[in-house]
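Letters A, B, C and D mark the chains as written, and numbering starts fresh at 1 in each.
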Amino acid sequence: MPSPSRAGVPAFNAAELDPVKQKLVTACHILDREGITDGYGHVSARVPGTTAFLTIANVSPGCATVDRLIMLDRDGAYLGGAETPPNEWPIHACVLKARPDVMSVCHTHSVWSTLFSVLPIKLRPLHHYGKFLPAAGPPVYDAAGLVRTVERGDALAEVLGDGPVVLMRAHGDTVVGASIEQAVQRTVRLAKLGELLHLALLHGEPRYLTAEELDTFSADERFPARGWEYFVSRLGK
Amino acid sequence: MPSPSRAGVPAFNAAELDPVKQKLVTACHILDREGITDGYGHVSARVPGTTAFLTIANVSPGCATVDRLIMLDRDGAYLGGAETPPNEWPIHACVLKARPDVMSVCHTHSVWSTLFSVLPIKLRPLHHYGKFLPAAGPPVYDAAGLVRTVERGDALAEVLGDGPVVLMRAHGDTVVGASIEQAVQRTVRLAKLGELLHLALLHGEPRYLTAEELDTFSADERFPARGWEYFVSRLGK
Amino acid sequence: MPSPSRAGVPAFNAAELDPVKQKLVTACHILDREGITDGYGHVSARVPGTTAFLTIANVSPGCATVDRLIMLDRDGAYLGGAETPPNEWPIHACVLKARPDVMSVCHTHSVWSTLFSVLPIKLRPLHHYGKFLPAAGPPVYDAAGLVRTVERGDALAEVLGDGPVVLMRAHGDTVVGASIEQAVQRTVRLAKLGELLHLALLHGEPRYLTAEELDTFSADERFPARGWEYFVSRLGK
Amino acid sequence: MPSPSRAGVPAFNAAELDPVKQKLVTACHILDREGITDGYGHVSARVPGTTAFLTIANVSPGCATVDRLIMLDRDGAYLGGAETPPNEWPIHACVLKARPDVMSVCHTHSVWSTLFSVLPIKLRPLHHYGKFLPAAGPPVYDAAGLVRTVERGDALAEVLGDGPVVLMRAHGDTVVGASIEQAVQRTVRLAKLGELLHLALLHGEPRYLTAEELDTFSADERFPARGWEYFVSRLGK
């Protein structure tokens, strides 16, 4: 079934989206299973070749199903699926608009991201899992409260810049990836890195990884098939 | 079957109470599943249009069933159900008496509430989940020990005042809501806020949310259908 | 079937021991389920009317079965059951010998007991769960290493004195009770109290419960039917 | 089926390896179940009487199966099994080459090992579980990043020396044993010891075990049948 036609939105074939939809649901379940989301948060995926994106409706990631996905245009216009968009759809719309390289966006209320969002300490990487992060740590979007408007979404995207992560004060994080798998693995690793840094800081000044060290690391970060298989294997356990 | 008639207690139809009873049992199971209760604690719900309330008998929240609920009047008089009231029924009786706006009360031994009950530090909100709390944090009921008398229950209600939460020294917390769902979600969020504040304080002075910021937040706090669906989905996992 | 006759050991009827044996196995499973034991540790129960006691053989509490129990006399003499006694049987033999009021002994490597066993800080109670503890906290048996001899067992019992708990340096704890249920609930609560004190101490000097306050508390500590039902309900989840 | 013949590699009978393979898979599952591995890490076992070793292919320990094992020679030459070796096969090749007494090697990204790898604090033992460690704690391999070359593998083996453990900066640990069971139990205990030391250090200087004390301990460390049975019993729970 072709999509509703709308000026500026290329047509797409719903059947082609089925694997994306299924992966998006799996991504939501993974973030829930790994203890990152807690009833709130969402994952989105760009609809290839269009300005549209898919995300979950106003439901918990742990309760996501294919029938509870929604398709929105970059301005929030409804293009299909479950009727009620998440309150914070501008996070996804604005980041995907500003970052053509990004295919997927995760927004969570991760406790470790929230922690570093309210402290005058940067979440600098201490483990090679942090290869995807800048050595100085991700920036913090300083405005507290939900991102329910395009103005706030654009401001968030501006702080994100061309980086992989933006922390959100008193709120959580937004993490981007070149694929759903990458965005999810980065989100999980960001939480692990945050926990590790928290633990280390309790004992004094840890030895951080330098930018030079991070540059030299090889990692399966771009297409994390191994991590994805592992996360999937844990669902339902 | 009409309730036992008793001076000052309006009659009620038991069948109308069935959904409330089922929700009360679910609330108990949620607090257990989320790691808030530990064999002790209870949830109560006002019987609409009466001075009576329902709560669990002297059993663990995790072991609650509809058959183990008890109905009491505000003075502790037995009105039906399981025979043995919880030792601390005055918590519920006295708070519901003092607060006509409250429909449900949760009492737990949450480790995070207990922690801030024995420290000279207020549990001030650091995340927008804390919208329901005063910016200065909840008050502490200072008398250690169980609340087994109406005198202590009234004193607890006085410290609670018109707020959402009172911490109880060396004991836990009492949290109120305009619905069972709201009281439960507030209880879970209070624990999350306590844990986050604990973590943040280990690194110095965090950036608290101001009263102005808390005021501006929108939230589905009043009728938390989304959070409730999520909590229910986790039961039995 | 009567027990093997032996000088000084009254005969007992094996069938009468079956409920004790089953409860002992359940106790082991509870301590494992609650995260207190970790492959090591044991629970014992006095055989009523004799100088003998039952405990698990040299197996993990989480792997206990009725067939893996062993009966020993107070000097370690084998009286029946699984053939291999636990290495540290003198803990149980010596404490039961020294304390006629004690019916059950738990020995675990609880992380929270171990923590306070290597610090110059007493595990003083901060929650009314600590009613069973002295306000000054339990003593520490200072000799590191296993308790594999009667000499060490007697020394341990001497440090225990007439109290409920003795911590064991670089090792764990030994907790006694007037019943299996009480010993188990005390062991679990000791861990909870240790965790709470650990958390509180990170923020400065907490407000401890005074001896006067502890005295005034009422609690279902002596026969903890409610806690026991709860622990049992969690087995297999 | 005899192995591929190759200069310097004695023939072996594949059927004889089946129990080793099964145990290796179980070892991987245990490390995953106990929360030590997280999608990354691997366990290896020497092929008796040869210079070859078995390990998992480039998959997560939690996803290991007998069909996903690979046999490599000490120089990384492929000898059979799943086609893709783990990136860090030199860890195993070089340690097994340097240490004829070692039959099994575990490499994990344990958070507790990583923590002490980035701090100027030694992971000294505080519990008798640390009997296998030197009283001064294990050394740290200082080069950050993956061990994907023989040069790095040899350097790691040199820092390991004749000890049981080497921590790896910003990475994790490598732990050796005289059997698969011993290497696994040591890995789990190292994590427990790291967590305990972390907790203790937050409260000041703990009382460490002395070298003399560690020497006097008896333990079932060499062939940990009891611990292994326990770990196996927890799989699938």
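Methods note: a residue touches a chain if its C-beta (ideal position, glycine included) is under 8 Å from a C-beta of that chain, and two chains touch if they have at least 3 such contacts.
Just so it is clear, the model here is predicted, and its values are computed rather than measured.
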Per Cα centroids, the chain farthest from subunit B: D
Subunit B on subunit C, rotation in degrees - Cα superposition, rounded to nearest 5: 90
Cα-centroid distance, subunit A relative to subunit B, in whole angstrom: 34
Between subunit A and subunit C, centroid-to-centroid distance (C-alpha), Å: 48
Contacts with 2+ other chains: residues of subunit A: 202
Pairs of chains found to touch, sorted by chain label: A-B, A-D, B-C, C-D
Interface residues, subunit B side, partner subunit C - complex: 38-40, 58-60, 62-63, 87, 109, 111, 114-115, 118-121, 144-146, 148, 169-171, 198, 201-202
In the complex, subunit D residues that touch subunit C: 126-129, 192, 195-196, 199-200, 202-204, 206-209, 213, 216-219, 226-227, 229-231, 233-234
